[in-house]
Every structure is written in C-alpha cells, then in structure tokens.
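Heads up, there are several structures right after this.
After this come two complexes, each holding chain A, first together with chain B and then together with chain C.
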Partner chain A sequence: MTGKMNAKMTAGIRGGLILAVALLIAIVLSLMIGQIRLSASDLWTGLLTGKGPGALTLRVLRGPGVVTAIGAGAALGASGAIFQILLRNPLAAPDVMGFTSGAGLAVVCGVLAGTSLPMPLLSAAGGLAAACAVAILAIKRDGSQVPITLILVGLGIGFLTTAGNSFIVTRLPPEQAAEAQRWLTGSLAARDWGHAAQVFGCGAVLAVILAIQVRSLGLLELGDDLATGLGLKSNRARLKLAGTGVLLAAAGVAVAGPVPFIALMAGPLGMRITGATQPGGRIVSAAVTGAIITVLADLAARSIVPGLQLPAGVMTGIFGAPYLLWLLSREMEAGDI
Partner chain B sequence: MRAMAVAFLALVLAAVLTLTVGVREGGFALLWQALTAFDPSDPAHIAVLSIRMPRLIAGLIAGAALGMAGTIMQAITRNPLADPGILGINAGAAFAVVIGSLIAGRADNGLMAALAFPGAAGAAVAVFALGGGLKGDAGPVRLTLAGVALSAMLLSFVSAIILARNEALEVFRFWVTGSLAQAGMRPLGYMAVAAVFGTALAITIAPRIEALSLGSALARGLGTKPGRIQLGALVAVTALTGAAVGVAGPVAFLGLLVPRLARRVGGHVLRRELIASAVLGAAILLFADTIGRIVIPPTEIRVGTMTALIGAPMFIWMARRLRAGASA
Partner chain C sequence: MTRMNDNALKAENLTIGYGERTVIKDLSLDFPSGRMTAILGPNGCGKSTLLRALARLITPAKGTVTLGSDNVFAMDTRALARRLAILPQASKAPEGITVADLVRRGRTPWRGLFSPWSDADAAAVERALKEVGLEDMSERPIDQLSGGQRQRAWIALVLAQDTPCLLLDEPTTWLDLTHQIEVLSLVRERNRAQGVTVITVLHDLNLAARFYDTLVLLGPSGLIAAGSPQDVLMEENLMAGLGLSAMVVPDPITGTPMVVPR
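Presenting the complex of A and B:
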C-alpha cells in the first residue's frame, strides 16, 4: 500500500517537474523569439544588469505580454478543471459552454457604452450572466438537469453571445471595430504591466477562495449522498464552486479576451502529465498547463507570419478544435455520449 | 396549399423590400421605373439595378440553397440540430476558397469560389466520420459537437489567413460570418447553376431519402440502396451549400430554422418540404438582410449575424427538447 502510494507520489512529482520545466521553456522561448530575435545570454544580461536589449524586452516589449499570458492561461485552465470535475464531463469547459464569450460580450458592450467600470467587473458580470442563463435554460420540464443538456444549451448561449459580439462590432467605427474583432478572437498583443498585475491580483484572490472550497469539491466527487452524509450542503457548495469557476474564467477574459479551448484542453492534458487524481492536484496542473498553452499560442501567433501579430485565439482555435474532435471520438468509444 | 401560397407571398414581399428599402429612400415607384423605363443616366436607377439586384439574386440563391440543404441533412441524419453552418460544412467551403486564393497568390476573384464545392464535400464527409455518422445513426450531440469543433478550426484558419493578408474588415466579415453586402462581386451565375443542379438532384432523390428514413433494412426491402442515396444526398448538400457560401459566405442557422417551418407548410412529404424550404429560406434570408440594413443606420448588420441572432435561441429551445435517449 505505502509502496504504491510512494510510486504515485514520485510520478506526481515527476509530472509536476515536467510541467514546471515546460512552462520555463515556453517563457524563455516566448521572450527570445519575435520581430527581433534575442539570445538567451542577452536575456540573462538584461535580467541581471537591467541594461541592453534584453532588459528592454523584459521590461517593455515582451515581458508584460508573457506574464499576462501566464496569468490568463492559469485562470482559464483552473476554471476549466473546476467545471470538468463538477460536471464529471471533459467537455464541460467555460469556453464550450459560452461563459467566456458572455464575458467578452459584456466587456465590448461596456466599451461601446463608454462606461468607466473596470474590465474585470464587466467581464465577471457577463460571465455570471451567461452561466446563469445556461444553468436555468438547461433545467428540463421535469426539473432535472443533465450535463449533456447543459453543454448543448451552453453551445447555444455561445452562438448567441458570439452573434451579439459581431452585432456590437458592426456598431463601432472601422479602426475600433478591427481592434475589437481581434480582442474577441482572444489576443495578448500590446499588454502592459497593468494587465499582468490585474490578472494576477484577481487570480490570487480567487485562488485563496478556491483553496477553501477544494475540500467540498473532493466531497462532491464522492456523490451527493455521501457528501451530504459527511455534512456538506451539496447544492450550495456546487453553486459556490461554479461561481468561483466563472469568476476565474472572467479574470482571464478581462486581460486576454475570450481565447477559445484553453480551459477545455488544460485540465485533461495536465492530468495526463501529472497523473493527479485529487481535485486540488488536478486544478493546479490544469492551471500550469493552461499557462503553457497560452504562452505558446501567443508565441506562435506572433511569429508564424513575419512582421505580423495574429490574435492568439486563432492559434488555440486551430489546435484546440482537433483536440475537441479527438476527445469526442474517445468519449464515443467509451459510450459516454 | 394555402400555407404554400402564404410562404410564396412572403417571398415576393421580401424581394420587393430588398429592392426598395434602404438608406437612400427610393420606394416602390423608383423600382418600377428602373425596371420598366430604365434611364442609364439616373444614379438612382443604377443603384437599384447594380447594387440591389445582385443582392436580391444572391439572397435568393443562398436562402433557398441553405434552406433545402438543412432539410436534406435533417431528413438523412434524423437530427433536428443539423444545419450546414453548425455542422461545419459552410466553414469547409469558406476555408477551401480562402486557402485557394492564398495559394494562387491573389485575392479571391470569384472564380476561386468553385473551390467551395470540394471544401463543402470534404467537411461534410469529415463531420460525419468524426461525429460517428459512419457507424450507424449519428446522435445529435456528437454530430453537433463534431461540427462545432470542425467549424471552429476551419474558421480560425480563415481568420488567420485574412488577418495575415491584412485584408479589409469587410472581407473578414464575408468569410467568417456571411454577408450579402458584397453580392455584386460574387459569381452569381455559376453559383445559380450549381444551386439549380443541387435542387434538381434533391427533388429527384427525395422519395428515396424518405424510404431511407424508415430505417436502412426496410429501405433495402423497398429496393433502395442506402449507400447510393446517402451519396446522392451528399452531392446535393455539397452543391447547395457550396453555392450559398460562394455568394453569401458561411451564413449559419438558416438550415436549422427553415426545415421546421417547411414541415408545417409542406406537410410531411419531403418533396413538398423541399420546395417550401427553398421559398421560406429565401424569404427569411431576405427579410433578415433587410432588417439588418435598416435597424441601425448608417451601419448595416451582416445577414450572417442576423440569422445567428434568430437561430441561436432556436438552437437552445431545440436542445432543451431533445430527449435524453436521443442524445446517445
């Protein structure tokens, strides 16, 4: 028994190390590659002395974007894992179910209306509204709520909010419209330290809240009866966890736009690498994996066409969709859907 | 029969509105003048015939084609959520055209639109293979999710290419959402031929599709070869969808909305449902386009956005009604 546990622990540690190294490599590559290519030693000198092209890149050109990408990716990844555990379905991610595009819609509406409300607040309001709409509309006539209906209704809310977004975009003047279209695809271009601080600030608060709630997520996994027997008010706990999940996704959307498929991919990929089975471990590995995916997607979007910055969301769309297809075919063979 | 007459009247009304309602008020009198006593020196006459007319023709082709494509797909898959937009067939057509013009190294000049057909066919085959359609009945949930994924991927490619070529936002809107605003620049004649071919094929095989929907064993007993009918349906859907995307871009949700209404108008006879789908599809598309043009002047809402705003709530409503057993 203990030998087995130890082996599992070692595997977990090895997985954690792999993720950490991968994140580090992604960060370094993302800082090195771009319109001007830097060597690792340039970066190192810049980091130590604060002078030279390395320092400029770290401080102004690429540093803020990379840090924002890490924060946004981690928030989206963690959010995805929460819903995947909560609904016990790998398809149940905030981007598949329309929460992220709802958050994006609220931000764009706010910008159009010229409000001075901060972006995370708008984004949170939009995400929560979309989530409530999905939750309510997915209740069937007999009062039951099945995950597959939640996912389908969520897709529908996603279609609706996406249409709302393109409606709003047509109302903007041309330059602003192009900018808004980019942001709605999910973009990390021209981020500054303010964005980075914002996503890490919101993320830190939500991480603390989530750490308190993680125990109830573990209990819910045992099934409602057992969880209630152990003294958990399961419906209330589920609602609180979903709220935290939506807010995490909204924090990511506020700085990076509704980047698709990160929340969907991060959880299962992270779990595969670390072998984590407990909710806490799954969420942490999803957050790190989300950060890696986002940093790499942004890097690819910046460097695939020389001299041009594509929105990162285009990359996650191109690589995330085949993942969704693969997931579908696997689920089908397992007979789950 | 009365329902069909009402649908047809709606189409005529939609067509007249498309030609007459606009930012510059012309009215019915101007249209009549331009049609009966055309004056080439009058800019208002030129506007009606050179801007509005192509728009009307494109709307007729795309609306009728998408409506019929939706009806065939729903009949073949017995999936009420089937729509060429949702299942990624539109996206496949758009992707092929945009990739083609990228490889040829020039902007899409209309002739490239012929690539929409292989694109649509490829996406249709892919979505059924990936959605489990080849192993018996494709359940609505799988097929829909496979379509959403395929569509997301292909449209991401389309966005990437259009953004990388730094093309105008209008081009982006056409190839990602669908729009009738560029109708004058599209190869309307060729696409009309394709749409007519698709229509003829669909009408011809309609009774055999009905036989197939009784189940493949029963259909064989009635002397129908399921594989050949499915192939025929694929060709018809490809021709119709390719034609629609060629003139209007990947307009989604029309194929979801129309078949339900068409069943009311056409009864439960597939041939009549198809005709009703063509009439209703064109009418709805033209109404949606006209509303999109006048609702917030001077900007116009693209018709693809309008159909999505109408179609998405419909999708949610239908998703709620799917029985638990139907999702397997």
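Presenting the complex of A and C:
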C-alpha cells in the first residue's frame, strides 16, 4: 500500500515539476521574443546588473505584461477548476457560462459612463451579476438546479453580454472603440506593474479564502445529500465557493479582459499533466496551467504576425473553440445534453 | 455507558410533500436503537423520502424526527453528522479519485478546519476498509473497481464516519445476488459488533427478512405494517402494499419468512 502511495505521490511530483518547468520556459521565451529579440544572456545580465536592454525589457517592456499574464491566467484557471469540480462537468467554466463576458460588460459600461470606480470592482460586480442571472434563470419548477441547465443558460447569458459589449463598442468614439474591442477580446498589451500588483493582490486574498473552502469542495463533489450528511451546510458552502470562483475570474478579467477559454481548458489539461484528483491539487494544477496558457497565448499573439500585435484572446480562441466543440459533442454522446 | 434509547430514531406525524404532491402523510414510526430496520414498499411510495427526512435532508411540512431525545431539525449540522450517517442512492465518485481518498472524506465531521489528520482518523479509515474487504485496493481509483467493490467503497465512507446511526438508501441496487448478500452481511456485522442502529431502504423482501430485525412496509397510501418479519410479510400485507399475490413460506435455511409470488 505504501509502495503504491509513493508511486502516486512521485507521479504527482513529476507532474508538478513538468508544470513548473513549462511555466519557466514560457516566461523566459516570452521575455526574449518580441519586436526586438533578446538572448537569454541579455536577460540574465539585465536581471543581475539592472543595466542594458535586458533590464529595460524586464522592467518596462515585457516584464509587467508577463507577470500580469501569469496572475490573470492563474486566477482564470483556478476559477475554472472550482466550477468544474462544483458542477462536476468539464464544460462548467466562467468563460463558457458568461461570467467573464459579464465582467467585461460591466467594465466597458463603466468606461462609457466615465465612472471613476476601480476596474476590479466593476469587473467583480459584472461577474456576480451574470452569475446571479444564470443561477436564477436555471431554477427549475421544483426549485432545484441541474448542472447542465446552468451551463446552457450560462452560454445564453454569455451570448447576451457579448452582444451587449458589441453594441456598446459601436457607441464609443473610434479610438476608444478600437481599444475597447481589443480589451474585450482579451489582451495583455501595455500592462504595467500596477496591473500586475492588482491581479496578484486580489488573487492572493482570494487564494486564502479558497484554501479554507477546499474541504467543502471535496464534499460537495460527492453530491449534496452526502455532503450534508457529512456535516456540511451544502447550500451555503456552494454559494460561497461559487462567489469565490466568480471573483477570481473577475480579478483576471480586470487586468486582461475576458480572455476566452483559459478557464475552460486549464483544469482538464492540468489534471491530465499532474494526475491530481483531489480538489486542492486540481485547483493548483489548473492555476499553473492557466498561467502557462496565458503567457504563451500572449507571446504568440505578439510574435506570430510580424509588426502586428494581436490580442491574446485571438490565440486562446483558436485553440479553445475547437476544444469546446469537442467537449460539447462528447457530452451529447454521453447523453448529458 | 449511554442510555439505551440514545440512538433510536422516531418519526412523529410526518407529512412530506414535493410542491402540490404529498408523498408521506401523517406517518409515525419507531426505529429502535441498535436494531436493523428495513423500509420496504413499491416505487414512489416515499421510502427514500422518509429516509431523507430521518437524516434531515428534507424538511417535512408537518411533524418531527427525534434522535434519542433530540429534535433532529434543531440540531447542529456537524453534531448530527457525528451521530448519524446517510449513504444516498447511487452516488457517483469524482473522476480518478482513489478508494482511500473517498473513504477519508468520511472523517470530515470529526475534524476541525485546520486540524491535521489524526491517528483516530487513520484507524477509523483502516477499520472501515477492512470491514468492507478493500484494504488491499485502497489506492485504486474507484472507476477501475467492479460494481460490488464500488458499492463497498461507498459503504466504507459512511462506516469511517463512525456514527451510532447508519442510514442506507438502496445499497444493493444494481448488484448481483452474491454482492447483495456481501453488502448486507457487512452492514449486519457492524450492527452486531457495535450496536449501530441501521435503517435501510430495500427492494428485496426475502433478503430483508433474512438480515433485518424489523420491517416497515409502506403502501401507495401510507403505512401497511411495521414489526418483525413474520408480522409484516403476511399475504394480505403484500397484497395491500405491493399489489402482490404471493405465498409466504419459511425460508428453508434460516426459517425467516420467504415470499413466493403466485
């Protein structure tokens, strides 16, 4: 038994190492590649001495964007894992269910109205409003909620908020409209250390709140009746977890825009790599995987077409949309839809 | 030494409904402490509803449930979870989770938020795994087990919860006869060894008569009979409750009543 347990732990450590190395490589590549190509030694000298092109890149040009991407990706990935575990469905993610575009809509509305409220607050309000709308519209006649209904209603709310976003973009003056359009696709261009500090600050607070709730998540995934039988106040616990998940997603959206499909893909991908099956391990795997995807998507968006900076969301969309289609067809085959 | 009736469950004038539909009407029943009681009846008669109400998973429109001298609906959730465990029908394990991971979650009511895994927790999990005979498969993912093994893993979860009251909702459904007997035997072992009060929703009348001390037969319009297997499994009761025309003969092995449909 101990032998097997060790084998399982070793596999987990190996998976964790793979993720850590992948993240490191993604970060280094992302710092090296761009309009001006740097060598690893340029970066190293810049890091040690604080002088030269490497230092400028780290401090101003690419450093803040990469750190922001890590934070936003981790927040989105963790949020996706929470909903996937909570609803026991790989389709359940804040981007599929319209929470991230709801957060985006609130931010764009705020900008249009010229409000001085901080972005994370707007984003959180929008995300929570979208989540409440989904939760209320998905209530069945007998008062219960079924995961697949929540997901499909969420898809609908997602379309609605996206349409709202498009409408608002048409009401903006041209320069602002282009900027809003780029942000709504999900973009990490022109991020500064303020954005990085913001997403890591919000993320750290939410991570602590989430850590306290991980055990409840492990009970809820056994089903409500069993969770209640094991002493959990299931409804309240589910509400708190969903709230934490929405706020995590909103924290990511506030700095990177509603980048699609990261939250959807990070969980299953991370789980496949680390072999984590417990909620805590799954969330951490998803967060790191989300960070990797986001850093790479931003890198690809910056460098795939020379001289043109695409929004990172275009890249995640290219991989995420086919994945979503595949998931949907698999769920239909399983008869869940 | 706790008082004899501390672990007796008592339903008093229970009325439970879903929306407009009343499933259980004005039902009063005693589930004696340390005994095994099976709830029998046709589909849709409210067997599971009754069991869920006993475990406070559903709030009745009228009436109350007491455990020992405490009103179940007034108890703290966690305090109740230390005294009463319920295994709902057909639970589905999370993807990839191992037997030990599942069974460990049964210790939740005994653990503080930040308290580490204790020796008592480890001992309870180990004992539960041994009772269901899965001690050698504890690191296997649940989805790789056979149906019978899987059901035993779920039962180990509630055994690890270590409560003096154990409620099981159709624990033998989908299992073949051999595994049904296996599951009921291990539940009875726990009952005999520790005086645990067991209440089970069951379909098989003959197995119920063999393994259980007390039977409760519900019909489409309420309680038909409650008492010893001999008192409950009578031809007129079977007709009234299940609409089953049958002969009742002594089981050639155990002497308990055996229902032979006509």
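The rule is simple: the second predicted complex is superposed on the first by the 327 of 337 C-alpha atoms of A that agree within 3 Å, B and C clash if a C-alpha of one lies under 4 Å from a C-alpha of the other, contacts with A are read in each partner's own complex, and residues count from 1 in each chain.
In this section, contacts are C-beta pairs under 8 Å (C-beta built on N, C-alpha and C of every residue); 3 or more make two chains touch, one makes a residue touch a chain.
Not measured: the values here are computed from a predicted model.
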Item to check | chain A residues touched - chain C or chain B, whichever exceeds | outcome: B
Checklist entry - Just chain B (first), just chain C (second), both, or neither: which does A:T228 touch? => result second
Checklist entry - Now for A:R215: first (chain B), second (chain C), both, or neither, which partner does it touch? => result second
Next on the checklist: Per the contact definition in the header, classify A:G34: touching chain B only (first), chain C only (second), both, or neither.
Outcome noted: neither
Checklist entry - So, A:I85: does it touch chain B (first), chain C (second), both, or neither? => result second
Next on the checklist: For A:T277, using the defined touch cut-off, is the partner it touches chain B, chain C, both, or neither? Pick first, second, both or neither.
Outcome noted: second
Next on the checklist: By the touch definition at the top of the document, which applies to A:L324: first (chain B), second (chain C), both, or neither?
Outcome noted: first
Next on the checklist: Show me the chain A residues, by the header's touch rule, that chain B contacts in one structure and chain C contacts in the other.
Outcome noted: none
Item to check | Interface residues, chain A side, partner chain B - complex | outcome: 91, 137-138, 140, 146, 148-149, 151-153, 155-157, 159-160, 162-164, 166-167, 170-171, 174, 177-178, 181-182, 185, 260-261, 304-305, 308, 310-311, 313-315, 317-318, 320-322, 324-325, 328-329, 332, 337
Checklist entry - Which bits of chain C are touching chain A when the two form their complex? => result 18-19, 52, 55-57, 77-78, 80-82, 84-88, 91-98, 101-102, 105-106, 108-109, 113, 135-136, 138-139, 141, 157-158, 161
Checklist entry - Across the complex, what residues on chain A touch chain C? => result 1, 4-5, 8, 85, 88, 141-142, 212, 215, 218-219, 221-223, 225-226, 228-233, 271, 275, 277-278
Checklist entry - Which residues of chain B touch chain A in the complex? => result 130-132, 139, 141-142, 144-146, 148-150, 152-153, 155-157, 159-160, 163-164, 166, 169, 172-173, 177, 252-253, 296, 299-302, 304-305, 308-309, 311-313, 315-316, 319-320, 322, 324, 327-328
